[in-house]
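Mind having a look at this structure? Questions to follow.
Per-chain numbering from 1; labels A, B and C assigned in written order.
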């Protein structure tokens, strides 16, 4: 079997994805395009190479030849069958689901749309917000949050996830319990329903990392690009250096190839034994850049540190396009490295199995 | 018509350039080379690939075969004819001229050297300095500056430009009027002729952005590499995040591909509807890196967000080399993307027209 | 002679390397792999492309076909002969040795293992620590340090080296003598044997740069990636901007291509006449990324600003692999640039001679 055939045949573990949903509104081009960008629904959203490529792939799928025809067909699909078909073509055996968004997500509701195994990952900040609402004092809040996280990781959850990058950034300080208690009081005094206080967010990020480490599950961190909530500087994983060194017993997964800080992330995971790097969202968003992203992470990162995900959200096309893209370009990169004398074929196949499947099984104890 | 033929035939809009001038001094190799670098006139300036390529292109132009012969021929050209010929070969139909430098620039003086249409863009900081000199108090200064900028953008100017990146950096704070007034007094107390006070610069950057937005013209910001005045960290457009979010109604153009923060800039323009990315100076300076820069910006940026410029200054070779380079490499990139299945030919031509001409016409309301 | 033949035949000057040593412990795979990463000895260390390539190269060298056979042969080599053979194959004529590590390094001990000429470079921080120990007050310390550095650079040392990047980062402030004296007292009051006080480190970095400049030798700075001591943000050479501008008379060499801040470093050396960029450790660590690193530095950096080194440490394989990699990929890059019309063959050969040999001879006055 050639390296490409091996890459094509591996059943993927998608270590970070969201559930899919049928459209409940009219499918305008701008609306459809908005699922293929982190930007707003706008004229520009239809003009990325990622969206154009999605239209091309769907044109082939539906046997049509224009954006409008794709939209017409897409609006009329039997959504459950359509979604199951795309996941089957993606050949994903196991999805680790971020249940933090869209609202009311759960493996049960996701399973309507995929035959893959689905395991939940708990998003810390989303869980915190109702507890802040319900708790009169900091001690109660912390105690409830701790119980909730411990129950989750000792129960069905295969990991935790933090979106602190989206709220205040990866420059995570180490507040004392007293400082966090004061922050809690400030938050309660002016509660908006959304936690954005850096001291409380940073304190709970440490708490979550500690619980993850003690219970032998990893914690994921959004890193790199995202929507307008994410500050382009504070999503640099270099800001997490003290945090990552403070929790050597906790496996930390940096999501999204930390794009555009991809080479920095590769350097970090090559130096810190407890840190891993996921490639999701960046692949497939960057399209023709995928080849370069894979090559760049392999410059320093051990192949045992890299993980596949789609970060697929709402539309199953996303999960499908990610799988298709990583297979095509990982095979390309490995073939090129063999041809140029950097790798032998046997080890290239080890890299493929590690990145697409085995590393996730090991890191998440699946 | 092939994609390459389309790219070659499009009349360029150069959204950021300076006027050209005949040499008034001896043309030593070090002096000539200094126009092809942001570094000082030195031994090293002759040793970039950009300068070597310029000599090769000019050798062909003059039909000679050495650096010295190029310099001899160049010293003897009929400068008006030489310049007009290079602009004609560049096939530029419209130049948006930064009149802030060289001194005494204006479309009228530029038009001696090019048949292209020339529209002025006002450099805010250069205009501020005489007003600081002339104003006794902050209220007068602000009122005069406001009048000047409004008159400009309601008159001939198609946009504003800020070089705050060169003075104190893109980490633009949001000072109050009172803070700005205090800063004005400090500046006046020790006036050097050059405005370098961060509070006053940041205050006026906001003022300029507000005026641009209200009058439907964009404001350009130097970003990315430049000469020794520009701090290599504070030219990162990530520092402008709060500023860009504060002026959603103002179109902001990041100049120079924000090199080396190019991928960060691509991410920003993909997320913020009001921000655009120009590719000038980086192209042609990076030469063989042009291909990679174009590919990188197309990873996330919509093709409707990208603009061509030369940033040509003083020597018309610069304007010509920029046009030649972007045409050659944009055609290469698009051909490669079609061949690799990322794009269809029709949309590749749309990208070419957008980047080289149509986006500028739309953004600057030409 | 083709460009490739020229590149292959140039005798290298390795401007930054450490001495080699025979193994004194059992040669497990994890232990051997730890010499090919900046990360810890671990399961992951065996899974970089750099290590896999090293095993492939050594398999060919020993005529065997597995990692275990390589380790068996390697454990049994006549180390002096093995090392001399690798340096001869590397065709290195002159090595500038960082005598700061491993302990008890010196050109004399290095010369047992190589026939190349070896000249010492003094690591400032390593020399400071015994002087802090021995000095009762700041005046004595500074006076002793100054004497030691002046004697070194007026004697056998061809340069100085600072590892301030590893201790507190390249964000070097400019403390007054009084501030440094206070810092010295703080350090003495709680002396650990290791200097980590930013004020004292920054003060002495300026002192060393001043001495280097006055004595016409360069000072090297670790920049870019390194082991877990180096903070991934504060190894960005952009942080050194004020420092580099403060010492225009001192030649400063940024080590390790400042990876991943390589394009930033290229921009810096293109603008500041006194700053140079070394490519060591990044080459060979990034393996298939070498091609891209060389292309990226040549985007802006004059070819007269780039230097070769191995940063080889402990195992002579490192020194050998670095030489092999730069030759193969520099030749590739130059051939590609000629073919694509960016360079003429004669100047490509000048670049090769500059980068591999002549720039080091000029910068270090060899």
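Following the convention adopted for this analysis, a contact is a pair of C-beta atoms (placed from the backbone, for glycine too) under 8 Å apart; a residue touches a chain by one contact, two chains touch by 3 or more.
This structure is a prediction, so every number in the text was calculated from the model and none was measured.
Rotation angle relating chain B to chain C: 120°, from a CA superposition, given to the nearest 5. Where chain A touches chain B, the two copies mostly use different residue numbers: shared numbers make up under half of all numbers in play. Chain A and chain B have Cα centroids separated by 37 Å. Chain contacts: chain A has no residue touching two or more partner chains. Every residue of chain B that touches chain C in the complex is listed here, in rising order: 37-40, 42-49, 52-53, 56, 225, 227-228, 231-233, 259-260, 285-289, 292. Residues 236-239, 241, 245, 263-264, 266-268, 270-273, 295-296, 298-305, 336-337, 340-344, 347, 354 of chain C are the ones touching chain B in the complex.
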